[in-house]
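In the two assemblies presented below, chain A is common to both, partnered first by chain B and then by chain C.
So, the complex of A and B:
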């Protein structure tokens, strides 16, 4: 895996509808926080990685140029990494490669999005080419609801059980968001509220779906040498990374026994020496823009068997006090500035193993998984961090 | 509390002229004649639809053309009743993944041909695994929407 790399600090904006700041000022808010968190200055940074959703989201192309000042990238090498919803994890991977390869010692990774400035569903539909899929990929909810129905029918899971499990997930994540100072949606919801909320794209209802958020996240990756030189004790060592894609067309590959998710996790597990993820991981920040899809990830990541997730969810296995707490930050379901989202998952995993997650800390967490998915169910990326190397 | 700041309204409209190339051209010529064309991979033998230049798994030319069935099985579907800017299909509509008889990949299109306004009616009518059949436009332009939709059989 190259030389050891650690996350030494993270910075997040307050996520939400942020029409109070311009886009570069929003990015700077996260960058200032990571410098505050690490005690480093822009002079310490060897290179900068940045990423977002497609340019149509805000109508400005090549935003890493636009944000060169806000990320203090002047006079440094800069890279942009873009893989749709999994952008944030890809940014983390890029920063990791850069440090692990020995080409840099300290790298700043920044993910950012301002989803309230444009039309997010229209932007996402441009991921589908205009010859064929564009007409039927009805934004993200349409695609994900097709996928969840495929899953439910494959394993004969009753609509009632799925609805109960999805509502449980939605309620518990909305509760958790209150413990995360940076989370976007902070509303108390009941199981009944979720089950009775407006249908967006059956079976997906309003409270099964993430919001459109504005936000940025900044993370600093450092080499083992830099960690020792800086005298840092509490860091999050990168223990494993995995990324996989599959065919472009939605109908070409199986989205239930979903190989990109399964293989990305397996690659990261093998590197981290994880044999039984449910036991070996202490917390997982699974990418969960949709309640239903979160359950499919549990299965693909080996947290439970295929078709078993709803029962496990209803038994509390993945709740804050359960065997493997998932998304204690409130997750993507409550906060989704897409270009930042995957990096927030990695940042939250890092905060957990550094013992710095505050009110949503999972006590004693030593090994944590961060994950994101991108494209029309096409890409999955995973990063596992640990308190020890 | 939070001070309100001004916003700038901006709109970017760009025209594009996208090349179909040989494969899409032949596929859409077929649509004009109410034919759905697929191509068969010479290596794995899968029948891919819409027709492809090459098999995405084997990376060899998929140059054996065949007209595929206009009937198939509904693999999954979703009901959309929301709208976004530039949405190409008017809601409410049902996006569907259909396994056309004799093919090996899911084909995306719409399911319709009955009242779509009431979701409870839709839920009674649309079942995964049901058989569906293509319904064509009278005025066909060589476009994916030359098939109006697939109707339940």
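So, the complex of A and C:
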């Protein structure tokens, strides 16, 4: 339903600790790159969607004002989408609906974050209200540790096994990041390095955790008519989208059989006609700021049964060359400018089905999933793209 | 041509400080709009809210906090930041695609739990230049007002008349936060905050949870016999650097022309029956009337003198009292849409205008001197 919509190009910054550019210049770098990639000019754009994490992150509020010029959005219709960590995928959803509704033909979506100018964990602490949760659900690692413990305990997975599987994920993603020119952390790590790295919040260790990155991502969405008019062959058609949010209070919901993740994926699968995701998907850019949590997403997204992820990981099912390669870009684990991260997942999924992912291309990828998670484990958003509509 | 979208019901809360906590306040307004429409939560396909982290009582990721109390639990949804008319547009787009038949739009801003509005708007500045000079929305507006008076000869008295009109209109609006019968002298003699702006020409800081239910054409016909249609929508963003802008030649014209084009309006002064305009500073109503094409450039002062924009005039502007009476910063644009909706339906109660309203305009703006504008045209 609605008009078919395709991603026709993407632009990313070199992500990392970007003290060489101001925040607007970081945004400009991604935006100019998507114009270079598509051969379009700002005149071709009917609307701009912007989004980021909360204003406390960099100390500037309502950043569409600040980035009006960097996004080439002066005089343009504008939308500002924010849903916390899931912002990036929500930006992509907004651009999709804008084009699909017929209100615009070509829309530029821009996500951005310059985390080295602020204190990300202090910011995340303010997502929790000041009366109850603030004291214990503060910051990301603590929350993800509790969730990991609950999951391992529920299915009786041994400490050793989840540790081995998480280390395997960390090692393979860090390897993959070397094949992604835009990735932030490029460090060769061994399984032993991961297992022996500093404990952040047990069982989570330093190499289980994503970095603070500066980065921006820009993606151009176009209607079927515009795709034909522009004569584009290699595009990524939006095949399915899903988004769900659940209880605000962390203790109110089951974060293992995690409904927002399960239902967001199901909504997207139904639209895309996906019955068996492990078979029907060729690549999944799962949002993985923490190794352990990545395994929970495999289960909630139906890539394997509940409690089975560690065995599947250790068997190589989700590695490059496996049945369903996950995060071949190195993923969020190696690059996390939060407001851009979800859009980077969608962009990477699009690059895969367009056959433009370069050294981390999964050969013959036709259907790919991009995902982001936000809030205190509260929101999940998914976008599925395919080489054919 | 896009698919039709209707507003089928709306609700709002009063602008004065409420003893309710944010959850209860959101829940009550959302429950009220569902009850009015004869719907329950499961009848809503998607929820799009509008709020801003900077206007959210110090809690970040605003949507996380009120997700359940605004009926969005395990529903497809999203959030717009800054301008609540964006949420009206986004929810409408969701229906236009045919993926959803009904949508709930909620704007949320609990002014009583926020610092002063300008403590927040100051955070729009870049940290290098504009923050150092103390720029905020009121400082920006004062400069814009000075320029407006100098370039066009508009007088302080004419600007003050907007406050007299709107605060007087607000006497008839039970939701209004600030209201009263005042004279031009009362307005001009109130405390001069940032010259030439006086307290009574500056909008207050209010509570505002606003909810609307939207529906596709087929679904709207089942839900109401008085649907109000979204006929047009447009928005536009201006450049960031304050000194680079001509403050009297901004982006509202662009936003309005997009909305008029979609609605097929060629002569807005004649075809728009009523307007609800976001005027956080009294003089801005005059300037925005010019940009909306209701009068010629520079004629805003004469326009208010003519009486056209009075509640019983030919083109009533802010019959509800506008933003000078009620200013829940983020949700004020959506509140304008609710007021326009009520006037079209003839359900505005004591502040219902005498003339028949077939087409009404709702306008929202945020940012320094109107850096961003959104315009929605609603009609029968």
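Heads up, the rule we're going with is that the second predicted complex is superposed on the first by the 387 of 389 C-alpha atoms of A that agree within 3 Å, B and C clash if a C-alpha of one lies under 4 Å from a C-alpha of the other, contacts with A are read in each partner's own complex, and residues count from 1 in each chain.
Operating definition for what follows: contacts are C-beta pairs under 8 Å (C-beta built on N, C-alpha and C of every residue); 3 or more make two chains touch, one makes a residue touch a chain.
Just so it is clear, the structure is predicted and the values come from calculations on it, not from any experiment.
Undergrad: In the superposed arrangement, which partner chain does A:12 touch: chain B (first), chain C (second), both, or neither?
TA: neither
Undergrad: Which partner does A:336 reach: the first (chain B), the second (chain C), both, or neither?
TA: Neither partner.
Undergrad: Return first, second, both or neither, reflecting whether A:121 touches chain B, chain C, both chains, or no partner chain.
TA: first
Undergrad: Who wins on chain A residues touched, chain B or chain C?
TA: C
Undergrad: I'd like to know which partner A:244 touches here: chain B for first, chain C for second, both or neither.
TA: It touches chain C, and chain B stays clear.
Undergrad: Applying the document's definition of touch, where does A:153 land relative to chain B and chain C: first, second, both, or neither?
TA: In the superposition, A:153 contacts chain B only.
Undergrad: Between chain B (first) and chain C (second), which, if any, makes contact with A:130: first, second, both or neither?
TA: Touch partners of A:130: chain B and chain C.
Undergrad: When the two structures are overlaid on chain A, which partner does A:170 contact: first (chain B), second (chain C), both, or neither?
TA: neither
Undergrad: In the overlay, answer first, second, both or neither for which of chain B and chain C A:73 touches.
TA: A:73 contacts chain C only, not chain B.
Undergrad: Pick one for A:59: touches chain B only (first), chain C only (second), both, or neither.
TA: It touches chain B and chain C both.
Undergrad: Residue by residue on chain A, keep only those touching chain B in one complex and chain C in the other, then list them.
TA: Common interface on chain A, chain B vs chain C: 59, 130, 247-248.
Undergrad: Please name which positions on chain A make contact with chain C in the complex.
TA: 1-3, 22, 24, 48, 51, 53-56, 59-62, 64-69, 73-84, 90, 93-94, 97-98, 100-103, 123-124, 126-127, 129-130, 242-248, 259-260, 263, 267, 374-376, 378-379
Undergrad: With touch defined as at the start, can you tell me which chain C residues reach chain A in the complex?
TA: For chain C paired with chain A, touching residues are 1-3, 52-54, 58-68, 72-83, 86, 89-90, 92-94, 96-99, 120, 123-128, 233-241, 251, 254-255, 258, 366-368, 371-372.
Undergrad: Which chain A residues qualify as touching chain B in the complex?
TA: Per the stated touch rule, the residues are 19-20, 59, 119, 121-122, 125, 130-139, 141-143, 145-147, 149-150, 153, 199-202, 204, 247-252.
Undergrad: Quick one: in the complex, what on chain B touches chain A?
TA: Touching chain A: residues 2-5, 7, 10, 12, 18, 20, 24, 48, 50, 56-57, 75-82, 84-89, 91, 93, 95-97, 105-110, 119, 122-123, 128-129, 144-145 of chain B.
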